Amino acid sequence: MVTKTNSGAVDMSCDFFGVKLASPVFTASGCAASGKELSNFMDLTSIGGVVTKSVMLEPRAGRATPRMSETPSGMLNGIGLQGPGIDYFLENDLSWLSERKIATIVSIAGNTVEEFSKLAYKLKNRPEILAIEVNISCPNVENRNKVFACNPVTAQDAVKAVRKHISNVPLLAKLSPDVTDIVEIAGSVIKAGVNGLSLINTLLGMAIDTNTFKPVLSGGTGGLSGPAIRPVAVRCIHQVRAAFSEVFILGSGGLRTGSDGLEFIAAGANALSVGTAIFNDPSAPVRIHNEIAEKLGNKKIDSLASVRNAAHD
Amino acid sequence: MPIQHESSVISNSRAGAYHLISLTAGDIPKSYKPGQFVTLSIDGLASSLILRRSFSIYQAQDRGVYGGSIEIVVAAHGEGTKWITQLRRNDSVNIVGPLGKPFPIPKDPVSCILIGGGYGSAPLFRLAEALKNRGCRVDFILGAQNSEKLFGLLEARRLGHNVVITTADGSAGQTGFVTDPLPELIEKTSSQVIYSCGPMPMLSAITEIAKANKIYSFTAVEEAMACGIGVCMTCVLPVIGEDGVTRMLRSCVDGPIFNGEKVRWSDVGTVPSETFGSGNH
Amino acid sequence: MVTKTNSGAVDMSCDFFGVKLASPVFTASGCAASGKELSNFMDLTSIGGVVTKSVMLEPRAGRATPRMSETPSGMLNGIGLQGPGIDYFLENDLSWLSERKIATIVSIAGNTVEEFSKLAYKLKNRPEILAIEVNISCPNVENRNKVFACNPVTAQDAVKAVRKHISNVPLLAKLSPDVTDIVEIAGSVIKAGVNGLSLINTLLGMAIDTNTFKPVLSGGTGGLSGPAIRPVAVRCIHQVRAAFSEVFILGSGGLRTGSDGLEFIAAGANALSVGTAIFNDPSAPVRIHNEIAEKLGNKKIDSLASVRNAAHD
Amino acid sequence: MPIQHESSVISNSRAGAYHLISLTAGDIPKSYKPGQFVTLSIDGLASSLILRRSFSIYQAQDRGVYGGSIEIVVAAHGEGTKWITQLRRNDSVNIVGPLGKPFPIPKDPVSCILIGGGYGSAPLFRLAEALKNRGCRVDFILGAQNSEKLFGLLEARRLGHNVVITTADGSAGQTGFVTDPLPELIEKTSSQVIYSCGPMPMLSAITEIAKANKIYSFTAVEEAMACGIGVCMTCVLPVIGEDGVTRMLRSCVDGPIFNGEKVRWSDVGTVPSETFGSGNH
């Protein structure tokens, strides 16, 4: 049976740029495809919504297998952004989501600034989109494949290219934790006009097969996710919130339980997105929502909002 | 439609090199079809293994003393399966299923050969029943490294017209591989379809033989999976579509059963240059 | 009883700047104090040796408690470099180690470049020291408490200050993974004259107590260590080795099993240091040595050296 | 000298709110003295809990059917102790001990009061035996939240001259805290030493009363520990030394038993400004 969220007496609502969502919990990009498969396990209209798999301009085959390696309390992935391309996505996936009134944040990824611009153009005047997440934690082919988000200038360029076309929909920039100073990167994309930040994407990692002594993943390195990285995510959210008291933060990174969710909210997150935990428990987003509501209820705290930023003083 | 169920262990017994584990399964058996699989999560919060483990459904019963129940056959491989094989009666474990596409059943009562490598025989017995209900003749080839790793011999004998056994070390049946007796058996039984489950090289070799004999080969592949439900894209392999285009398909939802002829066996582990989305199609 | 290493038929020796050590496995700084306590559990002369807790110029009380928080497959620590100061260390701890012929890498940490220089001066002409590890993954009070290792210039300054006084003993610089480009930092300290690198120190993280909604650690943030960070360590070692084929690398970060050790060696490590795993298993360094030797023996590989850099091609 | 031992579970039974767990312990009991503790590791590689858990040694037997063995009293608190309380006979668990400094035993046969809060009574019974061998009179005060959380009542009655019980909810003995009956008991017994184990505030309050009566207070503290063997520096608290200087001492090796008078209870969780190494001493 399909699980639903239950907030009990607690006000779990999330103010998403003026839209009042019943829950702060979203699925994380790349961990929920476009929602269809997960709808077998939970009512996606009862959670905050779905952040779709980062879509690119063209169809993309992704990397060769192995694409995955399990690590202690985490996993490495090197999917290589396999996907059908933006046109197919809009016609099929987005319409499937909007028909069902599932709040949708569309994640986009480009190989170049130009591609980000073209992707944004395709998303103009789409009232069914709740927000756009700009995944700048991907390689920039024009800059020695260095990740956009690892440099304040390239990060800004990618975001500006999107903002140029998108005026009436909130923009979130998704940042990489693999930087010396995430506050600097956050500042640069905020200047470039994003309305919010998604913190954090995966950490760059590697696993080596000790039978062959070669890297496990076909691409060599991969993105580390799961509970293992939670302390890094909490730290990044806390640092960025301390520097920017107003910016909207969609927190992700190792979120597995309601207690984890409360750590993120207290650190400064406005909303949450659940990734790897879905692989462990396909109904995790609903469970996490319910665990948060229950924990707050037990503490006689009547709204989640009252916990936000509590770790700052 | 797959269901997530908080299951409890009914029994866990040894079967040669494997563990035969019976689990309460709620409504999972209701929609189960032969060839589908389940995933188990490993322990709770204290576990460092966050990914679920996949197992073919060997038996499924939709009502009984325990309500719905299933049986799986588990080989202790690494930490996760080690944990699973140590489960004891009444331990609880979270299961999701039935997952994946089942074996297609022919419309006509044609003869079929079912080939299992090691624990790969697990999903074949319920398939055999379905085929026999369709009036098909069923023959088995069961192969393994050694006799310990053969699974389901008696059941194969009960369900199969003939049962050929092969082991690499000769500890049971004829010494060699499942593919050795296959050509002759195809001829003898004039079978129209081969169903197989086991290691990739076995599935590939079987498919070659099927092609040579112009008959069908349906294979159950085993790719490493992170989610098992189609959302992560880790379990892909190159498969040729109706339109002749190669795509990286998810073995958890588009499979695990594939038409062997459509799988690009020699290219598994690569993205062939003309694959859809590779930039060169 | 005190455990000893056993290499079986495998040559597990480690060429440490011309010194032939019987084992590549060291204890990691801060996870073995100065060896005394661990000598209850293993023969420290049978492993590579001990990297002592980073010592500062003056005695240091460290941070208030809580100093520790367990995290999934890891832990956060904020000890604050509690220690007796260099003079006490030399008189008591170092002499205890040298009397027992335990190979010792002395780790030093300074608040300023000047302090690094003074520490180095105190370590001049100490033949009993195998090497000096310069822990530049600590806050630089002269530069807004930014970690020395997070900036190529400050990293270089700290290392130069030590090199100035130390000519006849190998220098290792211990780097932080919390940087955008660890290869750049590695290059800068190599230019400054270090003979090797210790990769990696902890990742900056945070945990929040969901009862009080305040950070668990008295210092707010702390260092994340343990198996959780292993994939990041393997990636850093692999990246640095790919860029510098000759530099000596002492690998650490989540090392728990012999198989982990082989990942590090194949990625490019010359030697290994075991930290958090010691808290889980006080004889871990010996166990890890033995597991590596056994795994190689089973594969009929006759020397560990032949596996080094195997993941590069 | 501490020893690491691959232990197996002899038995695990309930005792009120706690689990009484008996473990093989090799030579650990040989050097054990009352007040020392052991650490257990949680599960194997599949575990995400990498830090060991600490437990006072309740009983230690240096020879028996199982060779050396120990008993610990475990309250299910979080994931780690939950795992420990679920251990079954013959399960194996890695233990390290005996750890820490024991309770000091007076040279002369003076009267002593032993105070345990909740499972804090666990280390006091072997201490009572040692004191009685020294000819000391021993009185007990056992306190807890409720009667379920009292441990060792019968044994206290067997070993103690008097046993006073207090519970916060009045479900057993007198309603209140262990400190309520203490002053009167000190007077009545003209005790010279108080030994206590339990929550920090209790140890602090007891020490205040001891001071007021000019008698000794030896306390067993409970600080979060990462290593338990003195190498990590996580378990420190401010303690005044012979030389009058405050130092951050490790409760795992310099403790867990401290002279209560020397512990700066109100400063626990801080680094007092004049502490050695704080830059201000």
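The letters A, B, C and D name the chains in turn, as written, and every chain counts its residues from 1.
In the analysis below, contacts are C-beta pairs under 8 Å (C-beta built on N, C-alpha and C of every residue); 3 or more make two chains touch, one makes a residue touch a chain.
On a predicted model such as this, the values are computed, not experimentally measured, just so you know.
S.K.: What's the overlap between the neighbours of subunit A and those of subunit B?
M.R.: Looking at subunit B and subunit A together, the chains touching each of them are C, D.
S.K.: More than half of A-B's contact pairs recur, by residue number, in one of B-C, A-D or C-D. Which one?
M.R.: C-D
S.K.: When the centre of a chain is set as the mean of its C-alpha atoms, what distance in Å lies between subunit C and subunit D?
M.R.: The separation of the two C-alpha centroids amounts to 34 Å.
S.K.: When the centre of a chain is set as the mean of its C-alpha atoms, what distance in Å lies between subunit B and subunit D?
M.R.: Inter-chain centre distance comes to 55 Å.
S.K.: Rounded to a whole Å, what is the gap between the Cα centroids of subunit A and subunit D?
M.R.: The computed centroid separation for subunit A versus subunit D comes out at 47 Å.
S.K.: On subunit B, where are the residues touching two or more other chains?
M.R.: Where subunit B meets two or more other chains at a single residue, that happens at 45, 48-49.
S.K.: Considering subunit C alone, which of its residues make contact with at least two other chains?
M.R.: Answer for subunit C, listing residues that touch two or more other chains: 72-74, 226-227, 256.
S.K.: Looking at which chains touch, is this a line, ring, star, complete or other?
M.R.: Looks like everything touches everything, fully connected.
S.K.: Okay, in this complex, where on subunit D does subunit A touch?
M.R.: My answer: residues 48.
S.K.: Of all residues in subunit A, which touch subunit D in the complex?
M.R.: 72-73, 227
S.K.: Which of the residues in subunit A come into contact with subunit C in the complex?
M.R.: That would be residues 71-74, 76, 150-151, 178-181, 203-208, 210, 213-215, 220-222, 224, 226-232, 234-235, 238, 254, 256, 259, 262-263, 266-267, 295, 307, 310-311, 313 of subunit A.
S.K.: Spell out the residues on subunit D that touch subunit B in their complex, using ranges where they run on.
M.R.: Residues of subunit D touching subunit B: 42-49, 79-80, 82-83.
S.K.: Per the contact definition, I'd like the list of subunit C residues that touch subunit D in the complex.
M.R.: My answer: residues 1, 30-33, 37-38, 40-41, 53, 58-68, 70, 72-75, 77, 79, 82-85, 218, 226-227, 256-257, 276-283.
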